[in-house]
Each structure stands twice: as C-alpha cells, then as structure tokens.
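Letters A, B, C, D and E mark the chains as written, and numbering starts fresh at 1 in each.
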Amino acid sequence: MNLPMLCMQSRGLSTSSALSQVIRLTRLRVVDNSEIGKQAMAEGKPPYVFHVYNKMGVGYIGDRVMVAIKGEKKKGILVGLKQNQKKKVPKFDTNNLVLIEDNGSPIGTRIHVPIPHILRTLMKEKTHSKGADYTKLIAIASRFI
Amino acid sequence: MESTVCPVRHVPPSSYGRFRNACCATLRFQCRFSSTDSQKAAAQTAAIKSEWRRRRNVIFDNEKQRQQSEIGRIEKVAVKYLPWDKDEAPIEMRMNKHLSTPYDCTKHLTEDYTKTVCLALVDRRPWDLQKPFEQDCELELITMAHSNKSPVVNTAFWRSCSLLMGCMVEASFKDEIQVYLHSFPKPDLKSGSFTYDAVIDLPDWKPTQAELRAMSAAFVKLSNQESFMERLEVSEELALDMFQDNPFKNKQIPNIAQNHNGKIVLYRIGDFIDISQGPMVGSTGIIGKATIASVHKVESNETDRLYRFQGVALPKGTRLNHFAWSVLEKDARKFNDLASVTPVRESVTSAPTEVVSDEEKERSSAAN
Amino acid sequence: MTTLLKVLYGFNPLKSFLTPKPDFLEITCRSKHRILPKPKKRFPPWLIKSTRSTRYEDELTSENKTFLKQLVQEKYPRPESGYGSYSPLNLNIVESAVEWSPSYQRAGLIARKIGVYPMWMKDGRKVLTTLFQVADNHVIKYQPPETYKPMITKRKTSLPPSKGSLIIGADSADPQLFTKEYCGLFEESGVMPKRLLARFHVSPEAALQPGTPLLASHFKVGQYVDIRGKTINRGFQGVMKRWGFHGMPASHGVTKTHRRPGNIGSGGKKARVMPGTKMPGHMGNRYRVLKAQRIVRINTKYNVLWVLGSASPGECNSCVQIFDTVLPLKNCNYLKQTPYFPTYYPGRDEELPEELMVDDLHNFNDPTIMFTEDEE
Amino acid sequence: MNQAKILNLVAKLKHTNNIKPRKLKNYRGPEGRIAMLQKSLTALLKYERIELNFNRADETRAYAEIFMSQIAKQGSQNQKSIDMANFWILENQIIYKLFNVLVPRFSNDVSYTNLYHHPNVYPGILRPKAILELKNNSFPKVSSSIKNQSSVENILLKESHKRHFIDVITQ
Amino acid sequence: MAMSVRVRLGSQFRNIMRVCFHENRHMSTAEIVVEKSENPKEPERISLEEQQRLNDIAKNERMEKLLNMRFAYQEFLPDPNPKNRNTLKERLERRDMLARRSNVEIPEFYVGSLVAVMHSDPHAPGKNNRFMGICIQKIGAGLRASFILRNFIDGEGVEINFDMYDPTIQRIDVIRLEKRLDEELFYLRDAPPEYSTFPVDMEPEYQPEGSAVPVNEIKVPLKPLPWLVKWERMGMKGIRDVTSMLTEKRLRMSKLKQFNKPWEKYDLLKMYSETIPIEDQVEIFSEIQEKLHELEQHRYKMKRSRNFVKPTKMG
C-alpha cells in the first residue's frame, strides 16, 4: 500500500468517493502501450488531470483531458469511467485514459482493455474535417464492449 | 310578493296583558263568512279577534289561580327519580303535592336536563312536564334521544308541532280574513307530516312558495321563543265560554268532555290556547329544523273552506344532511289523508292506550 | 374554604351528573387532517363553501342510509353505454356548429396525475411519461362573454371581452357530502355534484352545452398541452432547497452559516433589501403551469393520457388542469393539426381504437427494435 | 428507487391505508421509540383497554395489528412467532396469555383493535387522548355504533322508503 | 421461465412437472412449506367437514403457489410507498409489461446467476451487442425494473446496467441459474478479479427440470483496504471474515449499535411499509398468472415446431 493511502487510513479519512467523477487532480490509468504511459504506471505515479476540455469541468466518457505525466503535459481521451453510466453503457473499475497527440492520433499503438461501443459514435461526432481526427483511437482498440 | 295579495301577516304573538277586568261579555259569535270587504268591517274584525284572544287568556289565568288557591295546606310527596343509566343510583326528592311538577325536579338535577327533557314518565305513565304531582311516585325523564326506550316522546313531539302550527296559523293571517282553527288529527309520525286543519275565509287559496317559506319562518320564530306549554284542566262550561267565538270548537267540546269525565285539557303557548288531550313536550325550544310544506283543501260536511296545513320538523340538535331533509320535505308536501275529517279525533283516544300501541308497534317492527 | 368545597363536592348526591359525559368518536382513518397553508386567495369572497362538516355523521340507521343512496342513484342515473351520446336533435342552445379555426380557444380537462413510468421511442431512447386520468369530466356551466366578468386584476384592458368561461367539474360524489348551496351549482347541468371544479376561458364558438361529458380523446396524440397544477407542498424551506443557492463551505473557519444565504442587500445609498430578493420561505403549494408538453399516447377505454416528461406540478394522485398550449410554435395551428372541435363526440366523430400512439413511440406489442446498418 | 421487499409476507392492515411511521420523539432515538411501543403493546395485551396520548395510541395500534396478524398467520408453534413475541412482550405471563387466550379468540380476517378519541378533562394537560382496546374484550362498550331506530328522522325516512317502494311498484 | 435451456419431457407430463418444479424450487429458499392434499381414495364417503378441509387446503395451496411467484416475478410488485400507488396505473403498467413479455422471453434468474444479454446497439458495427456476466443486482418495480451484470474482460472489471423491459433487448440467456447468499453482490467490486471473471463464450448449463435453484454458498475474500464501502458494517453473508484486515478503531466502530440497528429486526411497521400486503400480491399474481401461462405454452409450441434437438446434459 502506498504512503498517501496509509496516511489517509491512519487519520480516519474516508476514502470512498461518492460520484467517482473525473475532475482536476483525479488520478487516471493509462491503458495504451505508449512508452511514457507504461513507465508512469510502472513507477506507481499515474497521471493526474489538470484540465478537462468541456464547460463543466467534469470529464465524461469520450472527453478530452490534459494530464500531467512524468513531469510532462499530455492530452488524453477518457475511454472508460468508474462512475455510474447510463443504461447499456459499460462502467469500469478504473478511470481509463488513452494518451493522444495534439492532432488526435494516439501515442500508443494498442489499447489493452475493452472500450465501449458508444465511443465510436462519440469519437466520430468530435472529429471535424479540419480539426483533430480521433477515429484512429477506435482503430487501435483491441476489444469493444 | 305583493302585500295586497298575501293574506298572511308576520306578527309575533304579543305578550298578553294581564287585565282582570276586561271580560268582554258583549262579544258574541258572529259568522263572518259572508262579510263585505269594507274597511270598517275589517277593523272591527281585527279588534274582535284580539279581544277574544285576550278574553281567553284572562279566563285561563283566573281559572289557574282559582285551582291553585283550592289546594290549601301544602303536603309533601316523595318522588323517586330513576336515571336511565342503571349504574347510577336513584334519587329521592321531596316535592309539593299538586304544586311541584317534573320540570321542578329537573331543576334539581342539571341545567342540561331543564333544557333537553321533553316528557316525564310518572309511574311509567306519560306525564307532562308542567303537570303537578298527585301522589308518591317514581319519575323518569325522557329526552328526544330516549325515543328508542319510550316512543311516546315522538308522538308528543309531533303533537306539539301541530299545536304550534295552530298558533302560527292563527297569528299569520291578516286581520280582515276570518280564521277559525278547526282541530288536528291524531299525530302520526308515519304519515310523514304533522297537520292542523283550519277554516279560512278564502274560497280557493293556494299558497305560493314564498308564502310557505314565510310561514315556515314564522313557525321557527315561534319555536325559538322557547315558551313553555302550560297545561290546565277545566270544566266543560268554562271551555265553552272560552271558545265562544269558534263554532267548530264549540261543537267538539261536549264530545270531548263526554269521553273524559267532563274535563277539558287546555294548553297555552304564549297567548295561544288550544284544546288537546296531550301530552306535549315541555317547551317549544325542543323543536329545531322545521318546514311548513303545503296547504291542501279538505272536503268536509261542515264547511267548504277547510284547509289542512302540513309541515315537517325535527328535534333541535338533530344532524341531518340537506339531501335527506329534502326527501322529508318532499314527502310532507303530499296530501296527508291518513285521518279522515271528523269533529272529534285527537282528544277521543286517551294517551296511555296510545302509548301501549306505539310501543307494541315498535317492538314488532324491531322484531321484523 | 377549599376543605368546605371538597366536603360539599364529596357529599353531593348528584356528583355523577357533574362529571362530563365523554363524547366518544370511533377513529376509522389513521391520518390526522393535514393542515396545509392556504394558497393566495384568488377566488371571489362569495365562493360557496363546498363540503359539510363530516366530524359527526348523521344519526341514520343503515337501512335509511342505503335508501338515501338509492335515491341519489335514481336522481343522478349513470350515463348509458357510449358515455354521453351525440344528440341528433337540434336542441343545443349554447353550442354553435362551426368549423375549427386557429383563433378559437377550446375548453380544457381536469385530470388526475396517477404516476410516472418509462417508455421507449423507436430509436431506442428511454423517455419518462406521466400518466393522467381524465376522471368523469362534465361541463357544468357556460357564461358568454357579455355576462362573464372575471375578477378584476391590476392589469386593466379596455378591449371588450371576447372570451366566455366554461366551468368543468370532475370526480362525482354523493350530494350528501356537500352543502346545499354547492349542490345548487349543478342543477343547471343535471349532473351529480363534483368534487373538483375548474374554469377555462373559451371562445364563444367553442362553448359546450352544460352536461356534456368530456373524454381523454378531447386531445389528439402528438398534440402539445399545458398542465396547470399545484406544486408539492414542501413547507418552510431555506434558500439552498428553495432557490438552489450553494450555501457556504463546511469548514475553513465557517461558523453557523453553512446553509445561509449570505448577503441580501448592499449598503450605500440603497441600504435596504430589494424587492424580490430570494429568501427562505414557504416552498410549493402554489399553482404553476408547465407549458408545451407532448401527448404521446391515449387510452380511450380508461381515459388516460401519457404525456412526455415527468416534471408536471403536483404529487401523485393530485389533480391538474390540462388545456391546449398557448405557445405559438407548439399549438395546433403550427402543427397543422385539426383538433376535435369543440370536443370529441363519440357519435359524431370517427370511432377511435382503444390505444392511440404517436408514430415515433415504441408500442410494447411490437417486436424488438432492430437497427439497420446505414450506408455512409 | 423504491422496491418492495419480498422475503416477508404481511396481511393488509384493515383499519388504514396510511402507514407513515411516527417519530415519537425520544431522547434515546429510534431505540427508545421501539421501547415505548414495547411497553404500550404489552400493556394493551395485558389490560385489553388502555388510555394513551393519541399519537402513541395510534402508533401502537398499527404495531398491534401487524403483530397479531403475523402471529395468527404463522401460528403459535412457529419459532419466528415466539421470537417476535419475546421481543415485543416484556412480561412472560402475557406471552402465555397471547398464545393461549388471545390468538384463539381472533380469526384471521378481522382487525384486532379499536381506537377512540377520548375527551380531555379540564383542567389538565390538553393533549389529544385516545382509548385503545382489543376487540372482543369483557369490558362494557365504549360507544355503540347502533343508531337510534326510533328517532324522528329515522322513522320519517323509513316510512318514506315504504311509500317510495310502493310508488315504484305501482309504476 | 428459462425454458430454452431445460430438458423437456413429453407434453403429457409437462403440467405435472411444472407444479413440482415451482414448488420444490421455492421450498428451498423461501422456507415455505406447502401442504399437500392427499387424494381421497373413496370420494363418496367423505363428510362435509372433510370436504371443507380439503377445499381449504387446496385454496391455501393455490395461494402459496401464487405468492411464490413473487421470487421470480419480483418486478410485478409495485412501489410500496402508499403515496405513489395508484391501481389504474399499476394495471396499465402490468399490461405493458406482459405485452413486452409476449415479444421477448424474459427468463427467471436471480442475483448470482450468470446471464448473457443480446441487444440491438446502434453504435456497434453489426448493430448487435452481447454481454455476459454475473447478475449483481436486480431492482426496480414495473417497467423500471433493471439488473446489473458484471464481468472481468481483459483484466478490466466491467459492469453494464440493463432495463429488463427495454425493447432493444433481443434475448436474455441464463447461462447458470443459481442464487448467492446476499441480495446484492456489490462486494465483488472489492473482491479479487477471479471471483467475477467468467468466460464470455460459456456454454449454458442445464439443470434437470424440477430441481430447486441451487444456492452457491461461496464466501468471497476481499482485497486489502481501501474498499468502496465499509463492508464490515453491512452484515453481508457472502464475505469471508475481514477482521484481520481492519484497524482496531474500525473494528470497534463496526460493532456499534447505531450501525447494527438491532431494534429494526422486529420493527413491524417498517417491515409492513416495505412490503406489498398478501391480499394485493394475490390480486396481482392471479391477474398475470394466466397470461404468463399462455405465453409459456405458446413459446413451447413454437420451439418444438422449429427444431427438436435434444440438448446434452451437463454438470
């Protein structure tokens, strides 16, 4: 068990999170095979969010977030969330992130966890002819649910 | 409603003056059936009407005083009051013979009793609240709520309503219209209405709805005065003297007297006096909701101007919804022909036998 | 003195009379009468008191009660099959047989909100629908524009009145429950006294003969309606619940002001609280109108309307008024739909099936929804 | 989401539809509330007619109704009934009385209690009072539901009924 | 009824077997003993009282049978809150539910069963999607009824919430019919992955018809702290002893009265307000029973006419 968890437990703070929302300072799990992501996860220093690219400041599935990872700024897409979802949309045990570059193409070449089917539609909606192309993310997914 | 058309006037019975010297021996019975409509005659009739009434009252007062002065030495009687609740102990009271009445006994109990008691049972016989005790006796007091234990109270209530309606009829008509109270049939709750027959000097009178409402209001107003029903037994001659002006009562009195050892029972409400065998409820305050439902013309051998007034009433404090009341009103509007018109009716049967029959009926109906 | 009184009281042979006679009442209903704070009085002061006191019931025997019930049934017989048939006789005085025109305003209905449940659209979307039962509606009274004088409001108009009023009643009940004056209101139409009354402004062309029954098929599916009802009574509430304020932090030195509004006015020249400031107070129990709700389904047998959305005012089993929407972009004219005018008559208008649904709503009797691949 | 529990089965309450539990304010909180009800329920089964504040009486009534119907449904031999009786009834003799006297007295399809408003005695604490009793007890009746057959309005309506009947037949 | 996965006997035994199947099944879980009427050998000689007694027994049996439907058809029971209840709405809702059931077979399954759901999905490439997992919750009254399936796929825990009466659901297959010790299995989220990992292409397991629903009495160990919920306070039966994992303070806290609420065990009014009374349940189930029976028979006929392949018996 890591140190912050031990500290929390000793102080009797509740570690349960009611809504499991992705907000600033939320730690995420990188699920692609990018080098930086693999290293960060292996070191036990998962990236944390410091900006969510929407009006609410809460990240939902398919949303773009800016994360701090190994001292670098990186953008990423939320591909799976812990919080309760709508009917027929899968809910995951971890908050999953795929790192992308500025043009929308993923840094890694493979995603090793399942991602929801609804992400196909969401990614297509977010892709514009002149802007970033997010459909490549769908292409590298190994399995859909 | 135009006042010129309406023969009814709304005058509450004024309290009668206690003149002792105003015995108008000159007044004679005058049949006014073929009278002209001249103003003079009308004024004369009005004067005569009120004079007759005052005369009756004076005679009543004198007779009452005479009877009381005849008592002489006051003796005591033991009255044992039996409450309806068997758990409560009987109460024995020492009352004055020929003076104290059941009403006086209620004053010794609670104020509620003075207001709600309608009738007394003295030695199990119905007894007016204003009738003095004659010997040692057992007393029971009946309110309207005790009608299941002693149905006689319903009959007394219905009879009192009839009497009060007579009072209302006599007082309500305009002075120039001659009104003779005839009689009222034996009270029968099952007929749906209480009645009073009166001879009115109008050829074909059909009251409008407004007139009926006005009469109902007058009736309720009378009952709200909560006047006592004074009772007095008089001789046949005195009764004839009192009702000289009324040819129909004059005919009835000898018949009644014949059946009751020459005695006539009079009741007085305010200044209205009428003949009835009784018993009556203690005061008119017992009567609550009431409606004069209809007036029908009745075929009779004696006269062609006999009208039957019909009404329906409930004891005070009865809760009845408007729909049920409208059903009762509608029923009371139908012509009540259960009793045929005969000169002597109500007073022929004596009260106790009637009670027995009523009780039997109740029992049989309950058994059914 | 007290001892004397005690002695007197003890020796009083009539003691049993003095003890109060208990007036027992059997309790049949568990809930006690809920006292709601009254809404603003909008009705005129001469409005008739409707209900009788039922604390004490009439001292009638059961046979007599059944007899009265029988008389009530005889006086107000149940309508024959067809639930109010269209009369071929030209006896209608109030109604005028004109074609519908967009400028006409029709009557509304009184309905009971009976619950909320989900349904699915044809594209697989889940929607919540609110069910309204149109219970036993009849026209009670019509007042033409000439005689109709609504309560004077602050806004005065100089235009002559163009709308009459139609009083609709719902939920028939035993006349013995009401006062005599209240029952008198129903004599003109000859219907049984109703528990609920509502007034609708209508064009004179849309007037209805008193006694006409109104059904759920007064509306068509796909039509938009406004729903007026009394919101749920929540009592005295703070600003966080009543107005959605955020309150103040739970810690960081905040004391006793976690749920308080904070500043309610400024200093300086206008050193006072401005009118209309959002403050704590009574929440709910007010009439509110929810506008432009779409009717997606109608059951003509049970007279039930399914309306899209779950936000209609009032709690379950409360009553609302439903009428054609006033919004210009959602009304029948805009939808190019002809409503039944002045109302749906079973004999005159076409016969309707038991269930009516809009086209994009999934019927549960239909097979499973399958999507097809689009060529893109 | 409100979901009906299915493990237990209870018979419908005969006397009311409204089953919102009362708080019965108490310094011991919900535990104290149950303790209050235990006392009242024991007293009700012991004395068969008790006088309480209205709120408490009404609450006790609901508990007593469900308690009796559950015992009647499960039977006296059932372990569940015995546990429940041990919990609710504070005196051992009353448990004996319950299984041997009260349960045979009632059939399953009736309500078991009556509740009456009780008038306040002046001077005193003017809090709504009530009388709670088990049905079929040996005390005299609190109030009779039998109406006066021969009151004026009842006689008049009865006769009206007869006439109406004749009218209908003749028509 | 998960009729698709059960061995069928000849049609002449079908009705008899159904009765046994129902009764035996529920006897195991509901602790309800069904009294069986003995068939009288000499029907002419039985007295009136005896006849009455037999009638009563038969009536009770019918009642029991109806009431036992509450386990399999829980969602037909309405919301017990009296404020939200309305008879007409409930009736209309039940009618819609039965209409949906006539188009798709919604089999009987419980929390703890393995279920696979095939549903139309506009986002998926073939417009169809299938998910299989263990049912960890079944909740909701009427058309709101829903259930949650949980599985571990590619090392990632996934849960999907389905509406039971969603018209996009094409079929619901019960892979393994069983019950667990608890009514909700949310503790699987804090359990090691192997306890909620099931192969997606698992073959349906067949049980002999008439057998009771087995109760899987497995006790799940939990991962070390932190957990999503303070499970030590929840009184779950399906969790292995966790006292060794807890700190002293937390252990002490979990034994406090305010968390265990011993007074609620016999709180009768609470129990009443959470349940639908027997009378209402009988009314509801007697209404739907006939329709369900018809549907079952119709479905059986259809299946026989389509293909008659004898399935192999497993485990």
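Observations on the structure shown:
To be clear about the criterion, a residue touches a chain if its C-beta (ideal position, glycine included) is under 8 Å from a C-beta of that chain, and two chains touch if they have at least 3 such contacts.
Composition by chain, UniProt nomenclature: A = Large ribosomal subunit protein uL14m; B = Large ribosomal subunit protein mL39; C = Large ribosomal subunit protein uL3m; D = Large ribosomal subunit protein bL17m; E = Large ribosomal subunit protein bL19m.
Quick caveat: nothing in here was measured; it's all calculated off a predicted structure.
Under the contact definition, chain A and chain D share the contacting chains E.
Touch-path distance (fewest steps) from chain C to chain D is 1. Averaging C-alpha coordinates per chain and comparing to chain D, the farthest chain turns out to be A.
Judged by contacting C-beta pairs, the busier of the interfaces B-D and B-C is B-D. Chain nearest the geometric middle of the protein is C, using mean C-alpha positions. For chain E, the chain with the farthest CA centroid is B. Chain centres here are Cα averages; for chain B and chain C they lie 54 Å apart.
Chain C and chain E have centres, each the mean of its CA atoms, that are 40 Å apart. Chain centres here are Cα averages; for chain A and chain C they lie 50 Å apart.
Inter-chain centre distance (chain D to chain E, centres taken as mean C-alpha positions): 36 Å. Multi-chain contact residues, meaning those touching two or more other chains, occur in chain E at positions 84, 121-122, 144, 163, 166, 168.
Across the assembly, chain B contributes 318, 320, 324, 327 as residues in contact with two or more other chains. With touch defined as above, residues shared between interfaces to two or more other chains in chain C number as follows: 58-60, 64, 68, 71, 126.
Taken pair by pair, the chains that touch are A-E, B-C, B-D, C-D, C-E, D-E. Contacts from chain C toward chain B in the complex involve residues 13-14, 16-18, 52, 56-60, 64, 68, 71-72, 175-176, 179-180, 183. Those residues of chain E lying in contact with chain A across their complex are 119, 121-124, 129, 131, 146, 153-163, 166, 168, 189, 224-230, 247, 249.
Across the complex, chain B meets chain D through its residues 144-145, 147-148, 151, 154, 157-158, 189-192, 312, 314-315, 318, 320, 324, 327-328, 331, 362, 366. Chain E meets chain C in the complex at residues 83-86, 88-90, 92-93, 96-97, 99-100, 102-104, 120-122, 126-127, 142-144, 163, 165-170. Within the complex, the chain C residues that touch chain E are 114-115, 117-120, 123-124, 126, 131, 133, 299, 302, 304, 315-317, 362-373.
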